[in-house]
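Below are the structure tokens for one structure; questions will follow.
Letters A, B, C, D, E, F, G, H, I, J, K and L mark the chains in the order given here, with residues in each chain numbered from 1 onward.
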Amino acid sequence: MSEHVYKQIELTGSSKTGVEDAVQNAIAKASKTLHNLHWFQVVDTRGYVEQGKVDYWQVTIKLGFRVDDTTSL
Amino acid sequence: MSEHVYKQIELTGSSKTGVEDAVQNAIAKASKTLHNLHWFQVVDTRGYVEQGKVDYWQVTIKLGFRVDDTTSL
Amino acid sequence: MSEHVYKQIELTGSSKTGVEDAVQNAIAKASKTLHNLHWFQVVDTRGYVEQGKVDYWQVTIKLGFRVDDTTSL
Amino acid sequence: MSEHVYKQIELTGSSKTGVEDAVQNAIAKASKTLHNLHWFQVVDTRGYVEQGKVDYWQVTIKLGFRVDDTTSL
Amino acid sequence: MSEHVYKQIELTGSSKTGVEDAVQNAIAKASKTLHNLHWFQVVDTRGYVEQGKVDYWQVTIKLGFRVDDTTSL
Amino acid sequence: MSEHVYKQIELTGSSKTGVEDAVQNAIAKASKTLHNLHWFQVVDTRGYVEQGKVDYWQVTIKLGFRVDDTTSL
Amino acid sequence: MSEHVYKQIELTGSSKTGVEDAVQNAIAKASKTLHNLHWFQVVDTRGYVEQGKVDYWQVTIKLGFRVDDTTSL
Amino acid sequence: MSEHVYKQIELTGSSKTGVEDAVQNAIAKASKTLHNLHWFQVVDTRGYVEQGKVDYWQVTIKLGFRVDDTTSL
Amino acid sequence: MSEHVYKQIELTGSSKTGVEDAVQNAIAKASKTLHNLHWFQVVDTRGYVEQGKVDYWQVTIKLGFRVDDTTSL
Amino acid sequence: MSEHVYKQIELTGSSKTGVEDAVQNAIAKASKTLHNLHWFQVVDTRGYVEQGKVDYWQVTIKLGFRVDDTTSL
Amino acid sequence: MSEHVYKQIELTGSSKTGVEDAVQNAIAKASKTLHNLHWFQVVDTRGYVEQGKVDYWQVTIKLGFRVDDTTSL
Amino acid sequence: MSEHVYKQIELTGSSKTGVEDAVQNAIAKASKTLHNLHWFQVVDTRGYVEQGKVDYWQVTIKLGFRVDDTTSL
């Protein structure tokens, strides 16, 4: 078990709602093509402003997944 | 379009509710005197504690806006 | 007043719900044995993924409290 | 001389041409309303891509200037 | 109280004497035009040398103040 | 529009000429196999020396692109 | 030669033995599907504890490889 | 000798006077309950402002001490 | 399970032998008084030199453990 | 070959022209007294302003060279 | 003037008295063998503790000086 | 004793074997021309890859030594 290898990729998710939803959107998109998703770390939280309000949030995560024999690196 | 100049200022917003609301409060205040607000980046998330609970959140953002001929730098 | 001494410790709280709840869980646990809790700073936001969704959030904070004569450092 | 006070502000300049031109554009804009500009430090270099080429560069600087009695902080 | 908004600006104070005096000089200058000064953080400590001695100290601080309705951002 | 997901990859481009050309070389190579290239950030600038001159520049960028249904993550 | 383009990916290797072995495990896994592996940099060293001992090491590296015409970015 | 284990804790000391005195206050408080204090590192220097002057300094240190058989970690 | 709270402390272990042994020494000492040790992260690697050789290694780790009802924070 | 030892020194070069020329000036000066210059990394990019224009650029590099038996460290 | 080249070296000065004196001690020592000393930046402030008091301060600076034709790099 | 001045230089050692050996190689080389070597800190760990294996390790250290009257800075 201890000799697993993991890869981390960097994704940015967006949301009208907030930080948690932006992270969830990025993970949902990734889970369509990647298996073995394991953990994430928030590395940047930004957003865009329209008319004195946050228009949408953009949260960048590192997303880690276990590399198996079918993983294309 | 590409030769726009932007300024970033650093503001801290507060909220009883959470991170997103604290950011929104800072942006709402800034939009009263600044035009062309464009984006923000969260640079610090803190808060104060009372009786074993978060009393309020304090979130510091860099807030970017386009400089035009009427902007006082 | 100005000669108070504060200690900061590093805790990680978890939550199914989101960032604010994970912070609150860490503070609630700390308040059972520590007095004079004063402020916190978020230093890391992570989480675990199950089946294409965030399973739970893990938020690490520095938690500051005033040292008094009964505090064991 | 040694008791001068300086303020630093953060500006982002843009250019189709490159890093030096983007910096120069930010400084030129600032010099219209600020006096005593003294030094700058590059803190971020970014850009946008169109059709496989850099479309324009965006360089963020800290720009320092001496505060005198007429400076609005 | 918790919904106050704060702005931080970056100033560099100078002094022949030392770190504390350079900080005090920057704050004294700022207090001439800014109200509600609240806190500061030292972000850089430098100086210039003449004839084998420190000629003067230059200390850069972030200086935070509460934004009220008369504050020009 | 706000729910787009972006991926960032890290590339190093080289050039005999300078920083801008090294960035452009990395982007040109990436645009052969990636669509929707959007922005970049310079994260490291290095180079090699031969006979007292810069022989070539090596500039590392993060390159961001929008993830669509055909993107292999 | 100077116009080569390199990509860096981030991998975490594990080992019961130690730092060097964890790095080697990550590289061995990557070399099964990637060509032109060139260099690595250690960016994080962690591990898990069981019964008062390190159970296994987890070392995260950036791994750089030259991009050629057959590389899927 | 070489197999000693040290613990570092993070304390913030305050002083009306300046940086050195704030550090000394934190160390004096710690020495009441901790033995084997060995070294410190300044990690943050802040302060509060009243009426255009520094009201008090707050200096955060990491304080290292040797762990012996009676140390409660 | 997801609502566990963890504490991280910072320890420095020493060893004549090398990095892994210094980490193991710190963990062995901690396990005498702390339960539920879970993970560590290396945050600094240093050492002392005698007669042109490394005399001993000093490795600083953050050591994380689960807080339960008997944990003194 | 693999047991070479390298030293890095930190130099700041200046130029009226731009970043690349400032780096080249630092390397040219170093190559008068140092052999085996190998690589550099840009660690700071600054400059001075006169009359609304960049007067000259100051770029700080780490410059690496192989240590041989005649090198004075 | 703008084409000067500067070198920065890293020195640690010590003092029983405080930060400013430790810096001054490092500069005084350097000025015995180096000419053209120009500026310094404080990069680390540490110290050692004896009997509940700071025994001496250790302040690390980068010290910059202009390289002329007689400078041994 | 407390008024000693130390200099830190940055060296990179290489080794086929691993991290500890690369550090030892750098220190052994330095000890041929420098006296009073005192401590080191690892600041970067890299390596080169050949045929799916680490070919050699490159570890960069800051190496500190006491400055005496015969030290050429």
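Definition applied: a residue touches a chain if its C-beta (ideal position, glycine included) is under 8 Å from a C-beta of that chain, and two chains touch if they have at least 3 such contacts.
Note that this is a predicted model, so its numbers are computed, not measured.
**Student:** Once the Cα atoms of chain H and chain I are superposed, what angle does the rotation have, between 0 and 180 degrees and to the nearest 5?
**Tutor:** For the C-alpha superposition of chain H onto chain I, the angle is 120 degrees.
**Student:** Can you tell me which pair among E-K, A-C or H-I shares over half of its residue-numbered contact pairs with K-L?
**Tutor:** Of the listed pairs E-K, A-C or H-I, the one copying the K-L interface is H-I.
**Student:** Express in whole angstrom the distance between the two chain centres, defined as the mean CA positions of chain D and chain L.
**Tutor:** 39
**Student:** Using the average of all C-alpha atoms in each chain as its centre, how far is it in Å between chain B and chain L?
**Tutor:** 45
**Student:** With chain centres taken as the means of their Cα atoms, state the distance from chain F to chain L in Å.
**Tutor:** Each chain's C-alpha centroid was found; their separation is 33 Å.
**Student:** With chain centres defined as C-alpha means, what is the inter-centre distance between chain I and chain L in Å?
**Tutor:** 24
**Student:** Which parts of chain I, given as residue numbers and ranges, touch two or more other chains?
**Tutor:** In chain I, 9, 19, 48, 72 touch at least two other chains.
**Student:** Each pair of chains that touch: what are they?
**Tutor:** All touching pairs, sorted by chain label, are A-B, A-C, A-F, A-G, B-C, B-D, B-E, C-H, C-I, D-E, D-F, D-J, E-H, E-K, F-G, F-J, G-I, G-L, H-I, H-K, I-L, J-K, J-L, K-L.
**Student:** Name, in rising order, each residue of chain F that touches chain A in their complex.
**Tutor:** 2-9, 62, 64, 67, 71-73
**Student:** Enumerate the contact residues on chain F facing chain D in the complex.
**Tutor:** Contacts found on chain F: 19-20, 23-24, 27-28, 31-32, 37-42, 63.
**Student:** Tell me, which parts of chain F touch chain J in their complex?
**Tutor:** It is residues 18-19, 44-49, 51-54, 57 of chain F that touch chain J.
**Student:** Provide the residue numbers of chain L that touch chain J in the complex, in ascending order.
**Tutor:** 9-16, 25-26, 29-30, 33-34, 48, 55-56, 60, 72
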